[in-house]
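In what follows, chain A forms one complex with chain B and a second complex with chain C.
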Partner chain A sequence: MSEALLEKTKMGPVACPIDFFDVYGVRDDFPILRSRVRGKPLVYLDNAATTQKPLQVVEATRAYYEKQNANIHRGVHYLSELATNKYEAARETIAGFLNAESAREIVFTSGTTESINLVAYSFGRANIKAGDEVLISAMEHHSNIVPWQMLCEQTGAKLRVIPIDDNGDIIFEEFETLLSEKTKMVAIVHVSNSLGTINPIKKIVERAHAFDIPVLVDGAQAVSHLKVDVQELGCDFYAISSHKLFGPTGIGALYGRESLLDAMPPYQGGGDMIKSVSFERTTYSELPSKFEAGTPNMAGAIGMATAIDYFTGIGYDKLESHEDAVLRYAHEALADIPDLKFIGMAKAKTGVVSFVLSDIHPHDIGTILDQNGIAVRTGHHCTQPVMERFKIPATTRASFALYNTVDEVDRLAEGLHGVLNLFK
Partner chain B sequence: MSSKSLYEALILDHSRHPRSYGSLKNFTHHAIEENVVCGDKVSLYLRVKSSLIERSAFTGEGCAICVASASIMTEQIQMMTIGEAGRMLAGFRHLMNGKRAAGDPALGKLSTLSCVRAFPVRVKCALLPWDVLKICLSATGFDAQSS
Partner chain C sequence: MDLRELYQQVILDHNKNPKNFRSLEHPTCASEGYNPLCGDRINVALEVEDDVIKDVAFTGSGCAISKASASVMTTLVKGKSVPEAEEVFRQFQALITSDLNAPVDVQEAGKLAVFAGVREFPTRVKCAALAWHTMQAALAEEDKKISTE
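For the complex of A and B:
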């Protein structure tokens, strides 16, 4: 795990002496964490599916609807101007969060899935043709497989896949071999949702750019754990979701390099994305409005920005060392459980412990843990090719966020011992 | 209801030692159904002669509930007529959606699975083998829908 910490600190701010991280103070901000489930205190370990929301986000959303709601970019009235300012300020927050060069490079979408679809549809259909290749990895979420598959089916391009090894790391030499002048896009996940692997994005981008190939990064699982700087990574597109980042559902963003976004055709047509419309000809808005047809999710954007402010306010150094300690503790505690096998032991890893336990089906494990108030995810985690790679139908996955504690890991371990006792 | 009562002895026994597990050589009917979300998969084989299910067997993978349900099902339908198996299928579905009481003697051992009702997300696990049975019965010309 020290390697993991090293890899992560490379990308984030210089590690400073660890301040005290008040995890119980943080938990107080999340009302749902005080719930009891089936008579037991809730242990929420399904953060890779979605994170819980702090009061600050709930209240910002409520305040928007109570005091600020109007349609944006249209009215000359007070509320419209207020809502427009709030919405555009949210865009600035996200630009700052990812260290984009400008807020014009941030397009609001409904989430990571739509962000990837936008690129596959707009960039893909304009630039990728029969005989070209799109390169993804074997650990992609279905949302970074299917849009490219659809593109390939329509254009006659070919989808190529970077294999992964038994630890759940991409095989870098294979990636280098697969790169060629035929490759027109590399689309890869930053942090795997089913394995926890942190991919070496900077190195991947360097190799791809040597062939002038743009790189799209699926950052859905990364941004709640790692400091992401798109200029430092050098990637061309970076896709994120608010709901995996303590913000509301139904909103996310796409970062795109301005020169690329500028050259791309619109993705959807409608209001807000046009300069002028006549039946003869329509001219499109400038960035980023060009990609935001229709009334957007204003409350969502404001909630997302509030979540980012909340989250970054804690400090990446503090939360990374806390999360690392919890993850390391989880690996140690679970390693003591007989017949438990980890799936995914990448050199650099964050947020996820995926495992199989004896020959007990993950769904049975999930049901029994749920009876103890413990929420984990069981199944293929929208990464069926990963399950195939490891020749298993499903795993049990505990995924962590900044508010999880080592006590909760103990509850999980205790629950798993209970599962073994029941099935022995 | 606790997970202990869900995984009661009979279910655990059938899931660990499924009866009629394996493929049939001289089968007359075969179907596979998968629950993509869980990764459960049941492959059912029937040998039907003059409307009688002489043998039934299954292969596949799944959770304890799914495997136990498949095991009890294949045990129960053996030597039943197609009509009897169809009625049992209907009875079991009614049991799972709460339209039939657990103590119904016609259901025999299947009543054990009534505990699954308290875990609504797991009902589909118990039903998967029966969905496959329905496909096989339909292939014999039996109208599983109307029973």
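For the complex of A and C:
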């Protein structure tokens, strides 16, 4: 890696990346990491798409179905009470994890996508009208673009976009210029899934709140790498997915400031979200049940809370220094590969190395790496506007989690040399 | 399998120096193919006169497999009648979707045989087929975008 590049990314030389974090002990908790793929030991570098699950999560899910399953909030019987307690305890765990003021501010959803849609539908349709503006950034995942686009189409509001620079940082001055009385929502990603950029959420919230504009943060990629404190960030909504956090798929959560959630109309109607129903009139439940129509994903919620306990049990300090070291090592190792160009060199980065290699299409790279047992993601990563911004059709992305090692980075680098050899 | 079976020299050569990779000045029909999975985008334009493909060319961006497939396709259908071109398309389709263990008649498959390796890579079959479906759409005078998804 060139000196200039090192300086740019604030990445010093790697001393001993794994000295006080027992990454191999952690790997033992993830049975899938012992797999062989195409005859080679699996190197799983597609964690931004979904993370693998530790035994603890698998066991908790299994225990739920073996010993605790019943519908919640209804029965007076033992199992129903047990399941209800487990489910509500999971909510408390998530509230603690995000440092929400109370568990009433945590709504279970199917994931980040549904969390954002909930806000766009419920808050958006009640508060945003023709002529208003919704502000997002140029590095959003499609799931933080399309719900707002749909809202704008229906209401006549306008979607405005904060541009990003060549490094993949938002251009803060442009953001400030775009803020106005017309802006009714700022929706922005905490950590970009295709660039790895960490956005300055606290600063963004401060500026938006000066105009009384609520801020929604897409935290899907952030929570497995950074300690998130919604009160410290000051944001109004924070959306997360369990499956990107070593938990099961199909479950996630929305944090919402209580005063906002309270004022918002229900998102879906059905059982569990009502106080009383007659054909003349229905009254709705209190928070957070108001937003949880129908029988929820109980096993998922319990699995998610187990994953959070597992993950936070390791300790953020250890985790962050290990992950930083692996990411730094990856930038260094890959910078030595001829004709490799990084996409996304933001000042603050985590979890992701995106790149293009010579004129070789990422799809070809992905297939060749796969033959070596290495799982990476290739394509536009559901961020087509980012690809357009950098004038490329796609990138190859290696994304890391707490269980990845520098040896795996070496395997990736070796694989990429193989790609170059094949295509030379 | 050996990656060399998928990325045969012929495919790599076509990828590097694709044939008929250009725009047509007077196309009689054209279509755009798009694979939303990987973002591959290809335009196929044809000049058809009296049911004969006088010229065919493609532009766009894609992986080595999709580009080589488009390149080989243009060399195979140029000068052929539309029904003949459609027959080649059927041959190609039969080849890439045939059973993995079915032997490939290299004589019959001719230049298409290099794509037999794609059968082992289900996620890549769409890459190989994109240009062909796009040509088919153009020939069907379907003006709308087609998609392999």
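Following the convention adopted for this analysis, the second predicted complex is superposed on the first by the 405 of 424 C-alpha atoms of A that agree within 3 Å, B and C clash if a C-alpha of one lies under 4 Å from a C-alpha of the other, contacts with A are read in each partner's own complex, and residues count from 1 in each chain.
FYI, a contact is a pair of C-beta atoms (placed from the backbone, for glycine too) under 8 Å apart; a residue touches a chain by one contact, two chains touch by 3 or more.
Quick caveat: nothing in here was measured; it's all calculated off a predicted structure.
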Clash or fit (per the criteria above) of chain B with chain C on chain A: clash
Touched partner set for A:Gly379, first chain B, second chain C, both or neither: both
First, second, both or neither for A:Thr367, with chain B first and chain C second: both
Touched partner set for A:Phe423, first chain B, second chain C, both or neither: both
Touched partner set for A:Gly75, first chain B, second chain C, both or neither: neither
Chain B versus chain C as contact partner of A:Met387, first or second or both or neither: both
Set intersection of chain A contacts, chain C complex versus chain B complex: 360-364, 367-368, 371, 378-380, 387, 393-394, 422-423
Chain C contact footprint on chain A (complex, rising order): 360-364, 367-368, 371, 378-380, 384, 387, 393-394, 422-423
Parts of chain A lying in touch with chain B, wherever the complex brings them together: 360-364, 367-368, 371, 378-380, 387, 393-394, 422-423
Touch list for chain B against partner chain A, complex: 2-4, 6-7, 12, 16, 37-41, 61-66, 119, 121-122, 125
For the chain C and chain A complex, residues of the former touching the latter: 3-4, 6-7, 12, 37-41, 61-65, 67, 121, 123-124, 127
